[in-house]
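Scrolling down, you'll hit the structures one after another.
In the two assemblies presented below, subunit A is common to both, partnered first by subunit B and then by subunit C.
Our next item is the complex of A and B:
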């Protein structure tokens, strides 16, 4: 099953002749694209500037006094004196530790959520058992529950388990499933043909073999899309890691960025350093997007519209 | 052909037809179905559901009737928290501020997204364009917040320089009580408008072309066919977009936490930020839980009313 249905109109692909009536729409669309994309250029431009010179040349389209000092600062390669001379705050950011934590947090919760949600989706789509629809409705209903409502009690639970400021505590609420993943995969599993499965059963295969050798390989594309979306979501997660993972050895990048920002003295923030850190934090998502952009874009139609 | 929300699609999804059993597997009996295997397969997910969704919901409601400073044991205080909330000016302020944010957000976002979707439908459907519009949505809220904190800086932010060049005045986007909430809403609109446009665009693709041909044969112009054909048939998609936007924007937290932290004074202390402060900064977990219950009830009510009002589960295409 494709993620989005093909458009009705086959003429969509035929090249259009120039029409004056389309000039204004194009201008508006380009404006919308510019507003979406140009701020990212400004991150790059600022991160390659010398912080001390930004104030005098605020509108320059090119980096001001081009240098990599801001990145050196973020990576901890610059001495405090150097940093202050370039307009840095002298504040430290344990960038490599936060990066490592973000990678671990996002990868483990994604791997777990996708795998366990696939197992559940298999039970909901391919197995017959009493109570199936009731249990599935319970999963669906939790999609409507606002995270803040469960976050406070979940914080207490993680604390009671002694898991505050541990990676296990950070990952635990996400790793067993996400309601969206269960729903998403169930849709795909429902649409898979039964014949191969039945043939395998005749050969004596049990559910585990069917799941691992037939269902999972045949659902590689939707599984990959889901993993991609989940990873990006987890990479960007802020609230839960802020509550549970606030000590330096488990702090993730989003939380670290917030801390880095608040360390800048109010008078003169280290804009180049901040933008360099922002850029590097966004880099994994930007890279994934460059590689799998089409998959991500096409999955949007799925999330709401059939 | 229909467009509908996740939940309805799922509900409408026909149960898998009982398959013909042409063979008997060992260990299988008709009365049990696949129950043992199914239990094994849903066990991890069910554990997650009970431990981190169902149990915390019950516990959250219980805590809202207690006084609890995180240490020690919660003491039952009945409805005292709710009574205190009713007379808490900061709560009413948070609610009012959040409502302002939601209103600015949904209006701006829906109108802009609808416009962009119509433009794409009319002149360009390329994946590249859609991808560029989606880029802000993929960024963390924290990144969007820091980026705009820089762009909108009062002294050397590029936006204020542009405003001045165009003959306007500098605006203290984050520093003035008047602008704090609209600014938060603008950041959020920037992040979400492309995503929302893609949802609406997907809905537009579902409208059969012959309806427009029929309308134009009847002498309808572009504006008329927009209001008579496009808008009514988009209703289910718009209902979904509205529900998602409202529920999402009631829970604004990240951008506020990174930029204004509720200030200046209380101008941007939105509900979720207030809950966070009560529970974690002031260690009033019972009070915070009661606030969370209220937020939850508001969201549930909004979703219910919206779906009813917009008749989101029906489509005129059937």
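Our next item is the complex of A and C:
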């Protein structure tokens, strides 16, 4: 009985006793929260302001001339005249089209990259073949090549294939695999027990079946983690979609926002419109994080311990 | 499991193919693609495109891209063969495009070859004739520079609008112009720049806002000073082959310009990089901004600050000066429809379309006949634009320097000018940069 009561009592007493030693951590914690939340608040505050008044009230903590005009602008619900009257630039942003493109682009690249990387990782982790380690080292070495070096040759290849301004051309460099994904999954696959696999082989299962029915289901957590990480990365990808997908049909949100931001040289951006669009475009990823955040942390911890 | 995974893969492939088809088949195949960067002008040109389609039956797809991405996307398009049929071009870029055979000569296509160029403001059309004697653009607008000022701050400093129209400048002591911006500069303690005890290191309001160091042309930064000393960028214009950054007049002007930062009348260069000058002006951080006529809408659009416009000061030559620049529409050499593209270019540069642009009150139209219309449209919005037009009426404009190697020249001059304006080196260092620039032409 005392064993269970003692911690209970001390738990109840702690808040009443003030300890100087606790002050500093609390201050640091509050500061850290403020520092990470404040930018989001500032985005929200700016997006709810009227752009024409924003600059003259630059230090106001609350939205300036509170209104939802910036959001209306982003969703294409505002006429050009209204937009200019509110301090917008007159540029419109095809938000729903760009959002659709971003979802397609990020989803296809993610689905493809995770699936094919899993196959490759399986080959590197569970199959025995001559030169496996050499190939794997060479493969890992490609992680050292900065993407900027491959951008131009890739661009020319995509051009020669006639795939510019198509979704195929946009996802092609990402859809098959990334060295990081293969490396990440290989580490996990290496740790899986061989007995189950051998039992399946005795039952007559071939590699294909083992891969789909044993390896993949058992790797659900790392696969989900990888999928989320890849999705976020693809969602934020800017350079390649800018190079390859300039037509409105395939332009993704990041590129759309970049175009929306810079208008004529020396001109000031439509800050409230830009912040409204940024806020909305961050929502899908934030939602994914809220749903799967814990799973990611767990799975990373899990694979690390093993 | 296997079946569903394969199904997923199949579905993904289908989606891929579907999207590919959708991306390639954008609109009808014979629609013309037209690009521009200025969103403020987009509504006017959408109207022009609609009128054009109505009279010719040729569809036009307009794409607007911000200035930063515009040129890289365009260059990509040239390489990839996906550049727009017609696009808005800039004087600083087109010589390079011509040199790389990326533009179609407008003399080679009927619709543009027959255009009477005397309808344009004097000098604008000639800028687009390259060294090979062929025309590569039809003018659509022009711009000059002037001073946007904060009415309240000017009044507080004891100046009137009339005073601002009669300013003089010289590179020795800055003339009444420097007196003005000194008076307008206020430090954190409320001491003005022309009073004792002014602290140049803690300035609350700068007399003059600085958009940058101006690279090699200084259009809105210093060219309206340097030109009033009789200095010119190049030995001849267009197509000069010798730059004059080693000229003592020029270097003295630049030393004076850089000294404004030391004196606390202009913000240090590093604090203006990445900042928007109009926004800081509206926030009350500077009293005067010199900028181009294409910025009228931006400066007069702010709520809560009263803005007026005054012409640039008179210099040692006894005259004002402003760079005269203008945009034009060009045709991509790889277009499948040169004749239709030429029809569009001719229409966008015609009095009909220019009158639509004038009504929109965003820029000055290149066609002279639409000028009064534009001035009236600006006046309807409560903006007196005479500070910009006075240069054209008085003949005090000089042309944007057009030469080969523009990109390399910027590459040399941008850091050299930054070093001077940020006070790292005296303007005499520009002699060395000038040698590098002129070596490009040997």
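Here is the rule we use: the second predicted complex is superposed on the first by the 255 of 306 C-alpha atoms of A that agree within 3 Å, B and C clash if a C-alpha of one lies under 4 Å from a C-alpha of the other, contacts with A are read in each partner's own complex, and residues count from 1 in each chain.
Here is the rule we go by: a contact is a pair of C-beta atoms (placed from the backbone, for glycine too) under 8 Å apart; a residue touches a chain by one contact, two chains touch by 3 or more.
Given the structure is predicted, the values throughout are model-derived calculations rather than measurements.
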* Identify the partner contact of A:154: answer first if only subunit B is touched, second if only subunit C is, both if each is, neither if none is. => first
* Could you tell me if A:243 is touching subunit B, subunit C, both of them or neither one (first, second, both, neither)? => both
* Would you sort A:44 into first (subunit B), second (subunit C), both or neither based on which partner it touches? => neither
* Considering only touches as defined above, state whether A:199 meets subunit B (first), subunit C (second), both or neither. => neither
* To do: May I ask you to decide whether A:224 touches subunit B, subunit C, both, or neither, giving the answer as first, second, both or neither?
  => neither
* Check whether A:168 is in contact with subunit B, with subunit C, with both or with neither, and answer first, second, both or neither. => second
* Looking at the overlay, does A:291 come into contact with subunit B only (first), subunit C only (second), both, or neither? -> neither
* Structure fact -> The chain contacting more residues of subunit A, comparing subunit B with subunit C, is B
* Asked: Which holds for A:65: it touches subunit B only (first), subunit C only (second), both, or neither?
  -> second
* Asked: Regarding the shared-chain residue A:213, is it in contact with subunit B (first), subunit C (second), both, or neither?
  -> second
* To do: Mind sorting out which residues of subunit A both subunit B and subunit C touch, each in its own complex?
  => 54-55, 58, 156, 242-243, 258, 261
* Asked: What residues of subunit B sit close enough to touch subunit A in their complex?
  -> 2-7, 9-10, 13, 15-16, 18-19, 23, 25, 32-35, 37-42, 44-49, 51-57, 59-60, 63, 70, 112, 115-116, 119-120, 122-125, 127, 129-136, 138-143, 146-151, 153, 155-158, 161, 190, 193-195, 198-199, 202-203, 205-206, 208-209, 237, 240-241, 244, 247, 250-251, 253-254, 257-258, 272, 275-276, 279-280, 285, 288-289, 292-293, 295-296, 299-300, 303
* For the complex, which residues does subunit A have touching subunit C? -> 50, 52-58, 65, 80, 84, 87, 89-91, 104, 108, 111-112, 115, 155-156, 159, 163-169, 171, 208-209, 212-213, 216-217, 242-243, 245-250, 255, 258-269
* Asked: In the complex of these two chains, what residues of subunit C are touching subunit A?
  -> 1-2, 5, 8-9, 12, 15-17, 19-20, 22-24, 26, 37-40, 42-43, 63-69, 72-73, 76-77, 79-82, 211, 220, 276-284, 291-292, 294-295, 297-298, 301-305
* To do: Could you please specify the touching residues of subunit A with respect to subunit B in the complex?
  => 4-5, 7-9, 12, 16, 22, 25-26, 28-29, 32-33, 35-37, 39-40, 42-43, 46, 54-55, 58-59, 116-117, 119-120, 122-130, 132-133, 135-136, 138-140, 142-150, 152-154, 156-157, 172-173, 175-177, 179, 182-183, 186-187, 190, 194, 198, 201-202, 206-207, 211, 232, 235-236, 238-239, 242-243, 254, 257-258, 261, 271, 274-275, 278, 281-282, 285, 289, 293-294, 296-298, 300-301, 303-306
